Structure formats: C-alpha cells, structure tokens
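Next up: some structures, all given as structure tokens.
One chain, chain A, appears in both complexes that follow, with chain B as partner in the first and chain C in the second.
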Partner chain A sequence: MNKARRNLPTLFAAHGILLAYTLLSVFPVILIVINSLKSRRAIFGDPLGLPVGEGVFDLVGYQTVLQNADFLGYFANSLIVTLGALFFVLVAGSMAAFALAEYRFRMNTLMALYLALGIMIPIRLGTIGILELVVNLGLINTLWALILVYTAQGLPLTIFILSEFMRTVSKELKDAARVDGLSEYRIFFQLALPLVRPAVATVAVFTMIPIWNDLWFPLILAPGEETKTITLGAQQFIGQFETNWNAILAALTLAIVPVLVLYAIFSRQLVRGITSGAVKG
Partner chain B sequence: MANLALHAINKSFGATEVLKGVDLEIEDREFIVFVGPSGCGKSTLLRIIAGLEDQTSGEVEIDGTNVSLLPPAKRGIAMVFQSYALYPHMNVERNMGFGLRQARAPLAEIKSKVAEAARILQLEPLLRRKPRELSGGQRQRVAIGRAIVRNPKVFLFDEPLSNLDAALRVQMRVEIARLHHDLNATMIYVTHDQVEAMTLADRIVVMNLGVLEQVGSPLELYHNPRNLFVAGFIGSPKMNFISCTAQAVGEQGVTVSLPGDATITVPVVPDGVSPGTPLTLGIRPEHALLGERGGDAVLSGTALVVERLGGMTDIHIGGVGDGMMVLQAIGEPDVDVDDALSISLPAERCHLFDGDGKALTKLNPWQPRAARKAAA
Partner chain C sequence: MSTPHRRPFRFHIIVFLAPATIVYTLFMIWPLADTLRLSFFDADSAGVRSFVGTENYETLFGDERWSSQFWNAFVNNFIFFAIHMAVQNPIGIMLAALLSMPALRLRNTYRTMLFMPTLLSVVIVGFIWQLILSPIWGVSSSILDAIGLGSWFAPWLGLESSALVTLSLISVWQYVGIPMLLIYAALLAIPDELIDAAHVDGTSGWNIFWKIKLPLILPTIGVISILTFVGNFNAFDLIYAVKGALAGPNFSTDILGTFLYRTFFGQQLQLGDRYMGATVATMMFLIILTGVCLYLFVIQRRMQRYEL
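Now for the complex of A and B:
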C-alpha cells in the first residue's frame, strides 16, 4: 500500500462519495423490500416508514404471491431462461473469443467487428423480425424462444470482452500445451478458460441481470401461462382498476433473491475481473 | 537421439516471405544455434521444426522420417520457451509429467522420469511448488526438466535465457552446456545473444532476411566469415569496415589503398578483382593495434571515447578517413579522449569483401584445431 495515498481527508472524501452513491442506488430496492412487509394502508400512509408495529407489519403480500400456485412456475421459468441463456452465451461466446484471438484466418478482424456490432444496435429494434422468425420456427410460447433471443442479445458484448482477455493468455503456454499433445479443445478448456475465469464471471453478471429483469421479450414471445417469467408474472397484480401493491412488492422482493445469489457466486471472481486490467498480479 | 534435415523450407505470412528456401542438415547429437537480427526468421524456422507453424512448402525430416505434416506431440521434439510457459495451475511435478500423462504413459514410468529429471536439474526440493512460487532461474530449469521428461529426439530452445538477469544467464548457459554433454542430445537453440551462440554451439547458423548466410563452427565463422553480414554479426565489438580501392593484384594478394595514403597487401585470392575495383576492408577491433608498427599499414585518427573494462579497453576512434572505428586494446593503454592516435593493421588479420559483400578467400584460411594438429 502506498502511504501517501492514505491520508485522512482523502479517505473520508472517498468513502463519503461511495456511501452517497450506494445510498442512491440501494434506496429504491430498500423501499420495495420494506413496503412489501407492510399493510396496504401503511404503504400509502407512510411509504418511508419501517415495517414495525400493530397494523403496519403485514405479510399479506407474500401470502397472496405464494398462494398463487403459478408463482413458483414463473420463478422456475425465469431461472431456466436465465441460466440457459447464460450457458449458451458463455460457451459460444468464449469459444468464439478464443478463435478470434488465437487463429489467423481470412477476415478475422472483419469477423470480430461484425460480432461486436451487436453492442451498438439494440436487439429490440429487431423485435418484429424476431417475432416472425419465432412464429415460423414454431417456438412461440416456449422458453426456447427466450433462451435463443437472449443468447443472441448477450453474445456481442461477451465476445468483445472475452477476446481481449483471451489475447492475454500467453501464446507460448498454448504452444507448450501443443507440444505436450493437447487438442485445441483441451487447450481451450484446460488452459485458456481457467486463466480468463475472472473475466468470464464479469461477463456472466453483466449478461445475467438484463435477462432476469427483462419484460419485453417474455411479453411478446412467451406470454402464455406456462411460460411466463417472474417479471411478467408480477404484472398480473396490476389491474385496470385496482393494483395489488402488496403482492407486486412481495413478488419483486422475491425476484431479487436469485440474482443476489448468483451475484454472490460470481462476485469474488468479479472483483478480480474488474481490477485485473488495472492492478498488476 | 536423431539427426534432422530441412529441405527447401519456405514460409510466407500473406505477401511477406519470411523464409526463402532453407536447406540444412543437422547431425545426431549436434548443438546447433540459430542467430540473426530480429525478424530474420530464426524463431519461425524453429517453430516449423516443432510443428507449431506450417511451412508454406518444403519438408522437415527427423531421424529419416518426413514429419512435415505431423502435429508437434508426434514429432519426438521438446521445446523450451522464452517465457518458460509453465502451466500456472500445476505444481512442478505435474508440469514436468504433463506430456507423458497426455500420452497415457504408465504412472510408475512418469514418476521415475520426473524424479530423474528433477535429480539432474536439482529440482527435488521444489517438486510441490507452483510456478509462481519459483524464481526465474528455477522456472527455466523446470521448463528444461519438462523437456527432458519427454525424452525427445530433438530439443528445441527458443531464446530460453533472454528473460533472466545477466548473472543467472551465465549460470544457466553453463548448465545447458553440461546438459548437452550429459544427455548427448540433438539440440537446436535460437538466440540473439552471440556469446551464447559462440559458447554453446557446435555449429552456428547465421540467418538474415529468411536465408542462411553461413553455417559453420563458431571459430570458422569468426575467422572466415563468408560475407559482410556474417563478419559484422559475429564478434563483439563489431568488425570495422573501411571502404577502399584495389591498387594492384599479385601472388601476395590484393593491395588496396586506405584513407591517408596508406596501402596494405591482404593475402587473399584475387577472384574477379582488378586495379580500381571498389572493395571493403574488414578488421576486428581486437586485431587492430595501437601505435605504429613496422610492416603494417598505419591509419591515424582521434580518440572519441575510451571505455575501460579492466582487462580490455575499447577505444572509439574518429577521423579515420571519413569514418570511425573501434579498437580493442589489452590492459590500460595510455590514451585520453581527443588524443591523436596511430592504428596498425596487421595484413594477415584483415578481411576483404567485394562489391557484393562477398568475402575474398584467404590464402591461408583458418583451420580447426584438429586439422592443424593433423597437419603438424
């Protein structure tokens, strides 16, 4: 540690800014969580109050949500779609990144550019085309439709980030493995992938969160009862004339949990991934 | 152990020709060093031998078998890399045994071979360590150990000592020389360090722009360089080159005129040289002598820089004709910067090169020690 950088005013200023930012970003989440534990009257009477006291603390929202038999199904759908898309994005993306970084072939640069183009063009612009395609493939109202679309959505950024990291894997190390008789697949899985693991975790988090939170594609491609995801499922509590706020807030609170768990799994790697470019070692 | 042959190896990257028809025969148990400036194709040639790079055309033969199309692991080679290239997540023992485990060798055999290599390289106390817990020299020893364990027909070294500091480099150089002696293996070694080349090689291959300029023993290259490039590349400090013109041609050799009205008769075969032909005279810094001496041609100049190394003193001299030269004197000569100096050139130590840079054959070329003994 550099001593000169650790003087007190700087330390306070840095922590002050970070603390303020944290409060700002966590505030809406906290609001959702505390209000999900309150009675309807308390939500409107004192939205910022803590869920304590007679007539305030109320689990009616959770009761509504959990008694709704479909809700666990929505949860499962969200998990299947997110993990499925994540799997395909990471496998296909890291392999493409390895190929772009490792092999010399015609139009390598052009291909990399083409694959990165998707970062700049929002996939929702192609919704009508995608809908048509999904209908023609007979995949409408299936989870596969969502998995495939999210895979396409996640690939550009994954390839872009991972190919940079794949380039940092020592060429001589791969050559040494070739001399030792490893196939290209085993070089990829046993050498390259473990060495860029922090980057893969980073990409996994960045890919996972928008998929979990998406409302657009489930609404268009898989609105059927069997295939609803949690974000879509929560919408059923919003009625034309009356909205069940307790249930919505409880549903949203529950929806945060799996993302938190996945984040916790990846986060140790994530920190290393974000800092690996900046900090030596 | 085995011999190795390269037949008309060509390699292009796109439109750039990196290797242009390389032919080379390497004997069993020979230590061959490829040297040359960066970009001369020496590493590419090594990678082609290893099978890590495909040649555009030509054949690689190991032990009489054409291996041109075989993958690296099937060629019977082992390679040591500049960056050591140890598997970071495996300990020393697993690193060394990895190739054999890939080849599904029996566990007992792997264990005994790793133990043997560890013994040779004194790595036994380090077998459980991970590469990141080792120093540079230890890592390179592990990399060499990994090569030994494979028991290859040919060892390939790609600038293995370039990442080490100077003291360690000398130590590892000696270890590699001992290893070659003990293992009796065919070794091919790429370096740009000419001390490594001179001290390790049985034969040096000097490469430039994708062609072999000269192949020969270190001293042969030192004494009888075939052209200007080899003459300038081998030896440190570099050979001095002085432009001159042929004055007379006779049985004693070629007489040339030097800057400052001096003349010198160099004992070479005057092939295609007639009076008036422009030539280049080469003299090594350690062969030029300080002061005037009878019988030698004498040049004059001014000391620009005096570098005293203890045993040697390198004097950079300006105003020799319109150029400068370097003279290496033994001990501590009485010279200061800006002193006017005389430089004697012993004729038998001089080299002459024609307009194409080709060396003129000497009348008494240098002979290897064995040949001289046999003659006497």
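Now for the complex of A and C:
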C-alpha cells in the first residue's frame, strides 16, 4: 500500500508537532547546560548564545561548586544508595517472583496480593513509622536506611512484573534440569534468571530512576553532610547560593549530566529488552 | 532425593520468598500500619504517649487553624490533579498517536527525546523552570517578545493567582513521557488487520483514531489516570524545591505532601507534631485508597466491556 504517499501532508504535520514538542522538552535542559559554561555577564546579556568567545566562555560556576560543596561525595552516596537498593530489589524481587510463578502452595495468591499492595500505596505515607523504625534501629543518617527503604519501595512492582515473565520460562527445560538432579536454587540462578534477563534490565531502569531522583527520604532519613545524596545536595546548595547564577547553573548541570549519560546507555538496553522478547536463549 | 512421590516440606519456597517479604514488611507495611496507629495517639509535654481516640481527627477538622490548611491543601491538590488529567494525558495521547503513525521516520529519536525530562529529578526540573521563568534572567520574556506576545509575560511563579497552575504545568512538562510511552505501547498492540479493514471500508484516519483506536486503548488510559492520581496526591518534591515547605505565596501552592511535611517537621511558627503528622498521612492514605478502589471496582469493571 502507498498509504505513506497519500498521507504526505498529514505526515508533514505530524513531524511539525513532534519537532515542536521535542524542542519544548529538550530546550530548557540545553539552555541550562549552555549557560553553565558562560560568564555572568554573558548569562544575562545573551542567554540564548553559545558559550564561545572571549569574555563569554567561563568555568567560574564549576569552580565555585567544587570549592563549596562536596559534589563528588554526594555523587558517590547517590551511586551507593541507588546501586545497593537496585541490587537487593533485583535479587530479592526475582527470587520472590520465581517462587510465586513456579510453585503451587497454599497462600500463593494471598502472598502475591500482599506483595502487590505497595504498587498502589505510596511508601511515603508511612514516613512517620519509617522514621521511628530507623531511629530505633540506630540507622538514622546512614546510607543503609535509604538502601533498605528504597528496596522496600522497589520490590512490589518488580515482583509483579518479573513473576509475569517467570511464567514464560519453559516448563520442559526446568523439568529436564530437575531430572538431571539440579537443586531448585540452581534452577533459579542458572536457568530461570538468565532467561528473563531482558525483563530484569527493564525493571532495573524503572526502579533506578525514582531512587536516584528522590528528595523526600534523603531529606528526612539522611540529611547529614556525610550521607547527602546528589539530589538533596543540589537542592541545598542552590538554596544557599541563590544569587550566584554561575554556581546554580553549574550545580544543575552536574546533577543532570550523569542521568543523561545513564539514559543514553540504558535506553538502548530498554529498547533491546522490549524488542528481543522476554524469552530468548 | 529426586522426583519425590509425596510432597515434602519445600523449604526452598521460604528461602525464595523470605528476603523480599521481610524487607517489604519491615520497611513498608509495618511503618504504614504504625503511622495509621499513631494517628490515634498523642504525647504530653513529658513525651509520654497515650491513646486519645479520634481527638487528632477532631482537631484536624474541627480546629479552624488546622481545617482551613487541610482543605486548602486538598483543593490545591485536586486542582494539581485536574490540570494533569486535562493537559498531560491528552498531550500524551496525541504524541503517542503521532509516534505510532506507520510511515513516520525518526520515531525512536523523538521518543527518546520526549521521554528525557521524565528522567530528571523533580528538584532539578523545578529549578530549571524557576530560572527560565525568572524575570531577573528574562529568557521567557525575550522569547515571548520574539513571537510578539511580550506583554503576556508575568512572574507567574510568584503570583498567588498563577503559581499553582504554573507548577502543575511544569510537572506536566516533566511527566508527559509516561502516558506517551504507555499509550504508544497500547497502540502498537492493536492488530493491523483491524486498521486495514477500516481503511478498506474507506474510514478516514481521524475516524479510525476516534472510533476504533481510542475505545481500544481506554483501559490503558484508565491505568494512566490512576497512576496520575496516586502520584499527584503523593507529590511533594516539586513544590518543596521551588517554593519551600511554606508553599508560598500565601500557601497558594500548598498540597497535601507539603502540608504533611510541615505538620510533621514543623515550620517557623509551629512545632513539628508527629501525631498530627500521622493523622494527615492517614487522611492522605484514605484519599488515595478511595481513588484506587473507585478505579478498581467502578471504572475498570465498566471499561472491560469495551475490550470485547
């Protein structure tokens, strides 16, 4: 069919709208990054210009940020918390998903429902209880508090999605492994888990983003200088340097760039995970 | 040991389920239950905790100072949600419909770029827009000048009348990628034969979308609506980052999340009160629960009729 040729004006309009909206999506971010590389005078004199030329290109904002805030430390904290929670969510979540999908036992449905409660009910509503618990456990102002809370936050959706995928792992394969005398643990780790790897990658991305970006729990559970995450660090730094535009723009850029780099890497993984199908040896 | 005739106690099931269940129960379900419980308690000046029944709720709804703040936050939160439903979801549907046009090129590039703001921290997004809309920098006024609308510019974030709408639109800008992606996936799942048959019958593209595709993606729109509802009635970061815990000007951007934070941690004029905080959190829990139940038992059931 030559639908495409018939619809040329429509297609043209579609590109127009998409292009306009794409511009609206990326322009604010580009504007911040560009201006973070300029001198104060250029930021105000020509906000839309490129950061090139004498008196325009200036890294003074970055110098201020690096002198006044331990962004490297905040970055490391965010990395530890995000990767730590991600690890526990994926390991504990895929194990639970496997048990729910693989075995028939009493309470199976009840257990699945219980673990799915957290998909709809935000963990933030339990903050007051969480703070008491964390204080009682002596974990206040530690990265462990954040890791454990984010693990609990990420588990419900992970279990729900992965158990759907675990059901697609071929039964013959598992039964053959059982006849060969493989333990249930080896069947999970060496057979089922590798087969649902694309789904695990997708879940990893969805789990990671809200953890990296969260402000609420770092603010409440770990506001200390030693345990500040980059989101909280940037928020407080900007609060202090309200009138220093160079520093603010540089701090924003430092907080944005790692996320964009991760996105560039993982968006390919995401697409591959979706297109290659769930089960592929 | 292999292939036992009678089922022995399968210890491995417990091993597989235990880590997730323990962390989830300890750090999510237990604190949530504890928070609901604490809303029925109060402490005296010595810090001794005692059961007070529904006294905290009577304060929240009976005491003018509390109830006016609560209802203000509730109404603002509802406006916040309504703007998302009215702007974010239609734009998401439109973008998804455009992206799913069969002959469209560069769709992956568009999709990647359109989803990008969703990945950024709400805090960062808040500051970005604060700078862009700032009259000090003048970027937005000069852009409006360039297209002849210079006189429209106002410090929207600073005005009591427009701050909440502006913040809602910033949030819409950030999250439009989520409905877009979910609806895009739903549109791709519609069988080609259905669309081809309509084409053969001479149905226009416009009619195909409204009469065939839209009814088929209604369940996805339902899911998106409830996700938006839960997310909005639990929001905090954007308002806090841009406006601080006092949600100015004059509480015009106060939503339940910032109200909870202020109640719990206190603010200039008032001390933090964990029991009143627990009461506010319980109210938020009930509001979200009502929305979720409404969706599960009323909206979703009605929608499934269309799925045939």
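Definition applied: the second predicted complex is superposed on the first by the 210 of 281 C-alpha atoms of A that agree within 3 Å, B and C clash if a C-alpha of one lies under 4 Å from a C-alpha of the other, contacts with A are read in each partner's own complex, and residues count from 1 in each chain.
What we mean here is this: a contact is a pair of C-beta atoms (placed from the backbone, for glycine too) under 8 Å apart; a residue touches a chain by one contact, two chains touch by 3 or more.
Since we're looking at a predicted model, the values are computed, not measured.
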Which partner does A:Glu172 contact after superposing on A: first (chain B), second (chain C), both, neither?
first
Answer with first, second, both or neither: which of chain B and chain C does A:Gly181 touch in the superposed model?
both
More residues of chain A are touched by which partner: chain B or chain C?
C
Please indicate which partner A:Leu48 is in contact with in the superposed arrangement: first for chain B, second for chain C, both, or neither.
second
Please indicate which partner A:Pro194 is in contact with in the superposed arrangement: first for chain B, second for chain C, both, or neither.
first
Shared contact residues on chain A, chain B side and chain C side combined as an intersection?
178-179, 181
Quick check: in the complex, which residue numbers of chain B touch chain A?
47, 50-52, 71-74, 77-79, 81-89, 98-99, 102-103, 146, 150, 158
Residues on chain C engaged by chain A in the complex (per definition of touch)
1-3, 10, 12-13, 15-17, 19-21, 23-24, 26-35, 38, 91, 94-95, 98-99, 101-104, 106, 108, 110, 112-114, 116-124, 127-129, 131-132, 137-139, 142, 173, 199, 205, 226, 230, 234, 236-237, 240-241, 257, 260, 264-265, 274, 277-278, 281-282, 284-285, 288-289, 292
Which positions of chain A touch chain C when the two form their complex?
1, 3-4, 7, 10-11, 14-15, 17-18, 21-22, 24-26, 28-29, 31-32, 43-44, 47-48, 88, 91-93, 95-96, 98-100, 103, 105, 111, 114-115, 117-118, 120-130, 132-133, 148-149, 151-153, 155-156, 159, 178-179, 181, 183-185, 188, 209, 212-216, 220, 231, 234-235, 238, 245, 248-249, 252, 255-256, 259-260, 263, 267, 271
Using the touch rule from the top, collect the residues of chain A that touch chain B in their complex.
170, 172-173, 175-182, 191, 194-195
